[in-house]
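Look for chain A in each of the two complexes below; its partner is chain B in the first and chain C in the second.
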Partner chain A sequence: MSLSTSSPRTESARRTGQGSVLTKDGLKVWLGRLLESHRVIAPAVEDGVLFFQPVSRPQDVVLEGKTAISPKGWVHPQTEVLFRVERRDGATALESPEEPPQQVLFGVRPCDARGIKHIDKVMLAEPSDGLYARRRERTALVGLACSQAWPECFCTSLGLAPDDASDVDVMLTLAGDIFLARAVTEKGKALLELAPLEDAPAGEPAVAQLAKFPTDGLAPAMKANFDSKYWAAVADRCIHCNICTFVCADCYCFDVRDAHVGGTVERLRCWDSCQAYGFTRIAGGYERRATKGERMRQRFAHKLLYYPEQFGEPLCTGCGRCVVACPVNIDIREIIQDVLKMGVKSATARAE
Partner chain B sequence: MLNSDLTQQIRDKARELLESKAAECVIGYETGSDGAIARPAFIYSPDGVERLVFDDTCTHNLASYLVNRKGKATAVVLKACDARSLNVLLQEKQVARDKVYAIGVACDGIRQAVWGRPKGELQDRCKACQGHTPPIYDVLIGQPTSPDPPAPSDFSRVAEMEAKTPEERLAFWQRQFARCIRCYACRQICFGCYCQECFVERLDPEWTGIRVAPAQNQMYHIIRAFHLAGRCIACDECQRACPVDIPLSLLNRKLEEETLEMFGHRSGLSAEAQAPMATFRPEELE
Partner chain C sequence: MQPYLATLKEARYITGDVKVLSVEINDPVAREAFKYAPGQFAFVSAFGVGESAVTFVSVPHRPGPLEFAIRRVGTVSAALHELDVGATLGVRGPYGNRFPLEDYRGKDILIIGGGIGMAPLRPVINYLLDHHDQYGNLTIINGARSPQDLAFAEEFETWAKAPRTRLELTVDRGDDVWKGRVALVPAVVEELKPSPANCVTITCGPPIMIRFVLQSLKKLGFADSQIVTTLEAKMKCGIGKCARCNVGEKYVCQDGPVFTFDQIATFLEGF
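Let's look at the complex of A and B:
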């Protein structure tokens, strides 16, 4: 698949011509204006690590590179208070958490934006999660097309593109030393009104090119190989930490527990990981997925079988963070290709 | 010795052990999915031994996998530093000596190795290598290149840290722990963290709870560091595994220095040594 300079989207962005270009200085001016009315969450460096974090100055925003963790935590926080219960003057009072702020996630890559869309499908399906819905309503995504691919990137193999604008409100594409800026939604249009757009001639948009591998027939192959010894074999080297699920752009599983803080009880929702021993522990101490192989199969079956069955696409956007972060090199791209290689043969063999 | 020679000798030994059924599994290294950086490999049959490699990207401390294979005859490739963790596991009665066949490797040092990226410089632990010859092994692969007894650890970064004011140190660690995502990769990759249930996940009593916040993260890391005092063998795997680059080794080095000063103890040099935190001597009442 060619993702070079003449994709229809960027062409049309260029044709709209008038005021669709932001210089690097213009981008800073825009960020400054956004900061007056929004909480701005953007990639910034702390101790050498690139993170999505609240920024207070435009010059702290870093638009090159890839963050260590996806920005999903800014719509689905790693820890959030669902409500507080307090005892006051002998009576019990229930308090809602603070309303989420108006925020802009700035410089979000297409894979990460699709990850948030995947979480939306779960959290906003009726009956929707009220707190998530309120936070999501107050969140705008300013996307940034990837002008460079990293060795672990494989978004195109899962049907995305490095300049895919379908899940953001504004799309920025680097062209030479300026940005092409395009409003994708009404929310994005309102944000771009604050930008000092110019109609300076744009250079050629820089969009990354990636090698692609086939993923057709993955869900049936996953189903056919559910009982395969493959899972236990791959899981041998797994150390069952939570790193893959926590750096993931898509993983959204959580645990809910109560915590005492002084005289208050807070009901907390925190990320949880299917890779952890204890994730499926139930009353009486029974552990449904006691072995590493079962837990590893769960992660990949959720991504490549259950979620696609329910929502029509894999719960993976090819950001590749788990590939780099895994301390023992469990590589989802390798898993996908192994499962496709095993195909539906083993199921047929069983039927015979 | 050339890595290709080490690789061949490891393969030969692995084949011999699997064919004679002296081991039902050999834990070693194979080339990872980027075609360059090694990863742990579990080999169960002689046909699989050709997968095994040894080179300067074999960073993992494979002793971490031994507790999970308790009671099953297992051969494991151990670099000199990693072999010290086998001694600690033996001291702590976590593995039976007759079930472990240690393929010790006298290695020339491991480079910083991140998946898909060019190899970096020699790792810090190797720059201050405490001895190339494993203190415990059943077979030694490669030639020891430095004399024993092992050199002391490098505490220069601890000294730099201690030169700061308490306020500066507190601010430094608070910033580090604030960005922890509690993925527990540091704990899971550690040979010494083998508790069935970690205090941090205990529900009753609940020490930290599930909240991921600076104070809770700090408690997790400080208690984990204490639990490793006198046990950590400075393989630095926790720091390598951390996705947000928290300098955990600095914390471990500090406790290593303390245990050395207070008890004259260095972890893992022998399987018979007494662990300072598990030993009580009346004269220590001070």
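Let's look at the complex of A and C:
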């Protein structure tokens, strides 16, 4: 293979600079260019709260801090139209929603990127969800390594790292007052072609350090303690506000319902929560998970047992938002450690 | 998750609160391609109200429209009951696994249905009757709260007269004209004493009936692996994504709805 200077790779490198670093000004230039061709969804402050939202100006993007909720809603919307029922001249027709735009989710933390990957595995499994697949196809993720950890963070305990680049298209890592920029995928390479990369000497990458607790053997321990009274005890203080599931970077349960908008019927897909009474109630009134304990157990069994059995890893990325949001301090980190402790105990009991 | 548009061809009450809807998919190509098997289900839409998962009661190998037996119990079923013939509705599917009827060739078959639980059993019965030379004796126990609640009464004569077929009807409470049995389904099972030798039982009905039928069958020596049922669960997608119908680690929509009781015995969660 020739290393001639006319190879496309070198051409593009010359156009964008040979380097792999972006100054903070360079980052704004890049964002400006991305905004010309993409919807850019990035952390920005609204009413004092940091949210992923569409931005129109590079200076509105805030890359310090942690968003109140993950950007999962931009691939798996809180509410979306599956189709509209049009009635014209006595005939009924179903109209598909408009095609999703090309979008960049900018400044996505590794935990949130992994959350989207976890949702991908469900929605893209055969038979793939067409609407989700089209939106995902048109979405690129620009990741941002965490240079600081927040008190609720525990990603490393679940095998992630604050600079884990496995689920993003481009990875940015803060180093001093510049960003190291690395294309992870072909999609990312194309995005970075628009960036004014420089050769400026980089400082030391700033990557958060987190304390780690062991999580090995979690799925078997969940199974061993499935019938434990523990779940009812933990659920006692739950006020079933469902916030844990809505702020979760991974939770993807949804409801499908019809809504009347003007003269049109829309079939909607909306986030739902397994913590809600009625989630499994069938026509006639029978509710299979009638107690809070059974619903609490479902949340953790799905995350720590069923999903791992299906896809090989927990449906949790350690973002800790459920810990922050829970009004009654139900803490998944404590639950994981309790279950592991019980798991050892029951195994010992059986051995005796 | 977009359904086919379909037309309500016929609607008839088969009990006081159960209506059978005959439905034809509008697009002839989709209609032709729509293949399903006994035990599978579809989502039926009443546009503007919603959609529900409903088992097929039509008999796949017999030509004709799709049929669903809808008991009026909730908002969607009520809306489906209100539709006029000629109305447009939605159908998507088929979903789920099916009764593995070809595995039961050469065996005696015992069908035990209660109330609307007869719905998924009706295509099974008619399949078995149309292929009776491949199977042993067929016993059907059909129970309901009252004589008016016995589903598929229009076919009782045909079923009862079929070769090597026995139909036993029973009701919880009779009325002035009812001359048949007044007994609970499990009591009928114990009275008939079907032999577990070379027999498969397929049962569907209210959970309380199933629980006691299981006890009766076990008394008679049936193993869990010989008893097949179909589970009902709230579901929104039918394709393993909405995370609503799981019973423990099993998804009723994809792993089921048809399970044997030895499979169910391994489920972590009750249903």
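FYI, the second predicted complex is superposed on the first by the 325 of 352 C-alpha atoms of A that agree within 3 Å, B and C clash if a C-alpha of one lies under 4 Å from a C-alpha of the other, contacts with A are read in each partner's own complex, and residues count from 1 in each chain.
Quick note on the criterion: contacts are C-beta pairs under 8 Å (C-beta built on N, C-alpha and C of every residue); 3 or more make two chains touch, one makes a residue touch a chain.
In this text the structure is predicted, and so the values were computed from the model without any measurement.
Taken together in the superposed arrangement on chain A, chain B and chain C fit without clashing. In the superposed model, A:E137 lies in contact with neither chain B nor chain C.
Applying the stated contact rule after C-alpha superposition, one finds that A:L268 touches chain B and leaves chain C untouched. Contacts of A:F83 after superposition: chain C is touched, whereas chain B is not reached. Using the contact criterion defined above for the overlaid structures, shared-chain residue A:W150 touches chain B, although it does not reach chain C. Contacts of A:R257 after superposition on the shared chain: both chain B and chain C are touched. Using the contact criterion defined above for the overlaid structures, shared-chain residue A:E64 touches neither chain B nor chain C, since it reaches no partner. The superposed arrangement places chain B and chain C with a least CA-CA distance of 7 Å. Within chain A, the residues touched by chain B in the first complex and by chain C in the second are 255, 257, 272.
Residues of chain A that touch chain C in their complex: 82-83, 85, 92-94, 96, 122-123, 125, 127, 129, 131, 223, 226, 252-258, 260, 265, 267, 269, 272, 274, 279-284, 286, 288, 294, 298, 301-302, 305-306, 309-310.
Considering their complex, residues 32-34, 37, 39-42, 60, 64-65, 114-117, 175-176, 179, 181-185, 187-189, 197, 201, 209-213, 237, 240-241, 243-245 of chain B touch chain A.
Of all residues in chain A, those touching chain B in their complex are 46-49, 51, 68-69, 78-79, 150-152, 233, 236-237, 239-243, 246-247, 255, 257, 259, 268, 270-273, 276, 278, 323-329, 331, 333-334. By the touch criterion stated above, chain C contacts chain A in their complex at residues 1-3, 5, 45, 47-52, 71, 73-74, 76-77, 88, 90, 207, 232-234, 236-237, 239-249, 268-271.
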